Structures are given as structure tokens and as C-alpha cells.
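Written below as C-alpha cells is the structure these notes are about.
Letters A, B and C mark the chains in the order given here, with residues in each chain numbered from 1 onward.
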């Protein structure tokens, strides 16, 4: 039940209450500690487990990914698009590997589902772009996290 | 009036207009930095030392934006409204004395643009013109939020102008003059002598209740929080200036801050002795004169300088007070504003007049 | 009826059933690899071995005929231990390439490993590897994944009638291959992939196209010939990816032929006419429905019309057209067409001993029943022809007179057409077809047709109302 506090006559006179309030803001003004982070110069510390921009792990330029489609299967935002193909040095590889980061919700389930440790979420959190283009395979393979 | 008088008057006008214009970006900065520090933030701190140039940057941005007029507005009134809002704000300042006078040769130099016989009435009459600008903006915008905002604004202004006017009656009765110069001068008299401390006859000491009412009403008149209903962001978006952009919006904002300055100057003049020296300043004046062995004329100039300084300091304090209150007190609901205006402020101001009359009759003050 | 007891449940059975089938009726699942209900029993994989009371050793359920009062334990310690051991043996040489393998998701080995196997392996040795030979255009082979169940060998021998798959070498080195490394000859090669319990034999056409768990399945009927095999169309996002057989013991049992399996491909042909088109000048130009229907009407107006109805249309459409053409074009004659050289149901004969028939359309019998006559040549005095086609029937050559096409056409079939109104293929509509023995079967819509392709009733309504 909502208990309404009834102001007394003195409080209803307001003037003293307002003065009290003014004292509080003035105290904050002089002694309050600012919590602002000066962004481009100062940066917030993120945990190693932070889930940021995706990248595809590769060894000597060959992607770990075998296009098993487990990440698009598990992806709740349906933002991963893979087309599989075959080439002489690899039985199955992703011809296309696209992530629509605008749809991505950074849940990290693709990383968990991946049997090959190919798709990873890095520590990169500055992902603003000037276009709506999706991340393609080349872009994702060139990304590296701070990890 | 000879030529020199004209030059002096024009010079004073220009000086006041210039200073008032400078107040706006400074106040914007004070408002933003002040509120930020009260809320554990930093506020604008990038541009210039401590972010002081933020106001200029804002002004430059506004000036260079495309001046777009929406298709559904009444173009003439739409364009006129900000001007109608701004001009009265400037005009009011003409009668406010910011220093006493000085006699140079035969010429008496008044630190006041015009010491009108109807000074106080002039202030009220001009100040109430500002509401036309707001009504015009709301009506010509052809938008229901804007109209609601201007309706509220006019209702609020009319309600509080009543108590504003009535609260000043007490001051008029005591100083028996409507000339602001006279009122300021008379506040230099001593009201009480408590040993070494002498209490001057400042408005606040003879009219404490009147001061409270006047102060509250000024807040309401300038549409500042806690009475910013015409803008009411959470209910009617931005109120009467919803459809405005670029420097047209900038003019509204300037008008608000200049109104604030005028309000602060009025409070100072009527209740805080106007240009009367702050306590202790007369001693500084005397010592300074002795120390530097100044001539009489120079002492006069120093006195005037100190007077202007104390006036400025008082005004600055009240400007800060406006900001301070804004970030302390939450907003009233519309019916609460009306309640306060009609049921509390109006009766109280009437009571104030009655009590003042009785006190004057029995020669207490 | 005799009864046996499986896991404490009393189950009735008819003599001749084996233990796997009997257990299934009781809701008890016995895992198996090499057993297939359509082929002979070899009991090679040993996965289905179960404990039978009064028998000292485990018995393979696939080769075991139950007797009255037999007590079978499929969940006993001994049985489970055997299953675990068999799984471990099979996985000793099975590569862990489920992410790559097309079979994963519908793989018996994967399922049974998950259900009955161990999560860890004890071996560290390399797995045996093979070099695979090309097995032709249908089947992709990957011998590394093979578990030697020999289902494919038996299918060739017993069902397809061609002894083309053999097991060479012995023991660990057994290799399943074609004789002399030849390519597969049979017309039923797709079934090799269907019966393979692992990803050893997969369909080349479907290779890496889609993971199977994305596919939505629609039960329908093949329109490849007058057999009317029961099939499932597998689609995702309105794209058909493959056809698999659906068991119907009275029609096709467990099998379908390759022709029927890959018949769906014309639906997604890039050359399929999917917008209304009108011939302006020399070429068929894209148009809008209103204009195309008007042009088609103008073409046929006041002329003696022959109506050619493809025998790949459904019964409903056939009936609709019969009524429509008699009202719309007075004095017109309606013919059915489908396969060159086959003009009546009597000419529809088996092509081989398994499923295939010579009439390459699904509804020849049905249309004949409705009263259509087979098309041999145009009657005298016909001035225009309107062709209705479901996508599979072969349109007879008509020369010198204007032709209007309604239905599914390929751009290269429409060289002399005046107008084409796009229709829906068998995967895009519901309906009934009648197979060669008079069995009425239902085809079901699996995907949405391309946006401008309209159903026949809608086209005809537009035609008569415009």
C-alpha cells in the first residue's frame, strides 16, 4: 500500500524546505565528486569477457571456419549469413561470411556454438560506421580484439 | 538637452545593450556548468578555458543553420514573435539605476539611462508586453503544443503580474516614489542602529514578505523553473517555441536570459538597495581615498565605481540564484501554479499592503 | 496372436516381423545401422544386438524373429554395454567432421553416438583415410566416413538391379567402391545417399547448400511420371533445396528415381517466365497483368481456338479449364498433352521394373477421366491455340498460328508465343493428381510462388472479368 506522507504545516510553508534544498545543491556544487569519463582521452576499463565486434580467427590466412552453420543456427538475431563452398585446400569453407552488426545483439552465442573457435567477439566497442554495410569475411578476418 | 547629453545617453544605451548581450552566453555557460556540477557531471569543458566559449559556439551554430520556416505557420507573426519577445526585455533596463550620480563640472551624470517619473510603472507595462511575443509565437506556429504553451504562459503571467504589482505597493508606500532612482537612494538611510552594526533601510528589511512574493512572482514572470510550464518538456514538448529553430529560437532564449537579468536587477533595486554599497565597502572607499591621497573628484569616481560594482555583484548573485533554484526545486503542476498564484500570493500581497499601511500609520517605518 | 515381452511390455506380433519392428510397435527403439526394412537382413553392424532370455549370447534384433513368450531386454546392462562398445568401434575410424558433413542433423551415426555412445574416445591413433573416386553426377562419396553397413551394396543388388557397388579388401581396410571405379549407372542413384546412415554418400546437388535442420518439410507427390511417388519437398525461405522419398508401401515403397528427385529444379530456373509477358515486335517483353490478359484475349478473340491442357495440371485445374473453355471459346476443342508419343493412358507403360513409367507427367489418367482427348495434331481450321501447362509437360510444336501460354514456361519454350501469363508449379499449389492405377493423391503447396505468378483460377477470373 502506498503510504503518503502528509507534510506538516511548517513544511507546507515551503520556504525553509526550499532553503534546505538549496543547501544540498550548493554542497554538491562545491564538494560533489564528478563521475564523468572524458571519453576520447580517458577510456572505461572493460573486462576481458566483454563482447564487442566479431572477428574470424585464421591461421596463415586460412580461416578456421568450416561453414558448419552452427552460428547462424543459434543466432537469435539472425544476423549471420554464410554461404559454403569448396576449394582444393579446404573441403568446406565459407565463400561468404557476413555479419549484420546492426541486427546483432552481441549475445556471444555464436562464439559459444562454434566448434572450430573461428568466430570470436573482440574487445572492440567503437563500431560506428557511416554506411549500413554488413561486415564481410575479409573485414572480419582482419579484425583483432585486444584479447 | 544639448549634443553632449545625446551622446552620453546613446553611449549609456549602447553600453547596457552590449553588456546585456554578453550576459546571455555567459549565463548559458553558468547554467550548464552549474547544473552539471550539481549533478556530479562536468558540463561543457572543451571550448576555451573551462568551456567558456560554449555559448559562442552555440550562437555560431544557430546563426549558420538553415533558416527554415515550416509551411504551416503564419509567416509574418512567426518571424515577428521572437523580436517582440526580445525587445521589451531590453527596454526594461532603461530605468534601472546602476549607480548614483556624479557631478562633473556643471553637468550631473546619472548612471541610469532615463530616470522616468513613472519608473516602476514603466517597468511593469513594458515587461507585460513580453507575453505578446509568446502568444504570437504559439498562435502563429499553428501547432497545438505551441498554442497550449503560450496559453499557459499568458495565464501564468497574468496571474503573477497581479501579485507582482501588489507586492511592490508596499515599497511605493514606504519610499513614496515610483522613480527607481529615488527608491534606490532612499535605501541608503539607516533603519536601525544595533551597536556597531547599522541596518540600512533596504527593501528586504522593511518588506520581507513583499520580497518573498516579488521574488516568486519574478520566477513565474520569467518562465523559469519551478514555473516553466509554458515550455513543459514532459507534457508539451517545448511549448511556444516548438516550431522555432536556428537564431529565431536563439532569440527566445536570449529573451529569457535578458528577462532574468532584468528580474535580478529589479530585485536588487527594490529590495537590496540597488547601487547602495555593500556592507564594508564604504570603509574600503574611505581607506582607499586616504591611502592613495586622492583628490575629491577622484574619490567621487571611486565611489561611483564601487557603487556600480556592488550593483553588479548583487545582480550576479541573483542571476546565480535563478540558476541555483532551477536545479534545486522540481516543477509545479499547472493547477498548483494557479493555486499558488491566486490562493496564496494574491491574498498574501493584499495582507502585506494592509500591514504596511498600518505600520506607516503608526509611524513604525 | 503370439506375444512376446519386450522390456517388461507384452507385445503382440505377426509372424514374419523381426524384433526391431515388433519393438517399434511397443514404443521401444532399438538402434541399428545396417538394417533397412526394404532390403535383406545381414546383421553386420551388431548395433541392434539385444539380450534375449535363455540365450547365452546377445542376439541381433534385425535377424531375430520373435517367438511366442520370448523375453527381450533392450535396456539391460549387457545390451547397453554392447551398444557403447559398438559405437566406440565404429567411431575409431570415423572422422570428426560433422561441421563439414552434409549428413549432420539427419545422421544415424551422429544420433546414436549422442544417445548410446561415449563422449570421449580412448584412441590416439590416426584414422584411416582413402582417396575417393568420382561416382558420377549424383553421388558424392567420402569413404573416410563409411561404417561398412553395406546398405548401398544391397540396394544396388536387390532394388536397383545393378551390381555396381562392392566392398573390396578386408577388415579395417575395407573399402566400398564401384566395380572398377566406374561411375554409377543406375537411375536410382539418389537413394544411395538416402539410405547411407552416415555422410559417406551424399547428394552432389545438395552439397553444402543448406544445413538440414533449416529445412521445412512438405509432404507431396512427385510429378515426374504417372507413378506418383510420395515425396517430401524440403525448402527454406521459399527455395526448394531437395526432394526426398516419403514411404508409401503401395506406391513407391522407400524409393524415388533421380529424374523425380531433381525435377523440382525448373521451379527456380532463372529462365522461368515469372512476370506476365507480351510479344511486342519480335521479343517477349515483360508486362503487367492487365495488359497481358488483354493482349491474350485480343489474340484469341473471334478465332477458332484449340485448348491444350498439360497433363501435369491437377484434377481441379483440369475441371476448371474444361468448363471455362467451353464457355469462353465456343466451338473450341480441349486436348491433353504431356509426353511426346503418349496420347492415351493405354500407351503409358512401365519403363523399368522399379518405378519409372513412360508417361512423364503426373495426371495423364486424371485428365483422361475428365474427358480430355489426347493431342495428336491440330484439328482442321484452328486459328489460335491456348496452352495451359504446369511446368513439366512437353508442349507439342505449333506453327503458323498465334499461341497464348498460361502456366509455368521456360523462356526458350516461348519463342512463338503471343503472350505468357505466369502460373504456379506443382510446388506452389494444392491439388489432386491421379496416378496410373487410378490412385488419387494430394499435392501440397511447399513454397510461395514468385510474386507475379498467379493460380489458374485467379487468372481465369481475371480473364473473364476484364
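Going forward, a residue touches a chain if its C-beta (ideal position, glycine included) is under 8 Å from a C-beta of that chain, and two chains touch if they have at least 3 such contacts.
Note that the structure is predicted; figures quoted are calculated from it, not measured.
> Specify the chain pair with the maximum number of C-beta contact pairs.
Counting C-beta pairs in contact per chain pair, the top pair is A-B.
> Looking at CA centres, what chain is most distant from chain A?
B
> Chain with the smallest distance from its CA centroid to the overall CA centroid?
A
> Could you give the separation in Å between the centres of chain A and chain B, each centre being the mean of its C-alpha atoms?
Centre separation, chain A to chain B: 49 Å.
> Mind checking the centre-to-centre distance between chain B and chain C? Centres are C-alpha means, answer in whole Å.
Centre-to-centre distance between chain B and chain C: 88 Å.
> Determine the centre-to-centre distance between chain A and chain C, using the mean Cα coordinates as centres, and give it in whole Å.
Once rounded, the distance between the two centres reads 46 Å.
> Scan chain A for residues touching two or more other chains and write them down.
Not one residue of chain A touches more than one other chain, so the list is empty.
> Considering the complex alone, what residue numbers of chain C touch chain A?
Within the complex, chain C contacts chain A at residues 97-100, 104, 207-209, 211, 213-214.
> For chain A, which residues count as touching chain B in their complex?
Where chain A meets chain B, its residues are 15, 18, 21-22, 24-26, 28-29, 32-36, 38.
> For the complex, give me every residue of chain B touching chain A.
34, 36-42, 212, 324-325, 327-329
> Once bound in the complex, which stretches of chain A touch chain C?
66-70, 73, 84-86, 91-92, 115-116
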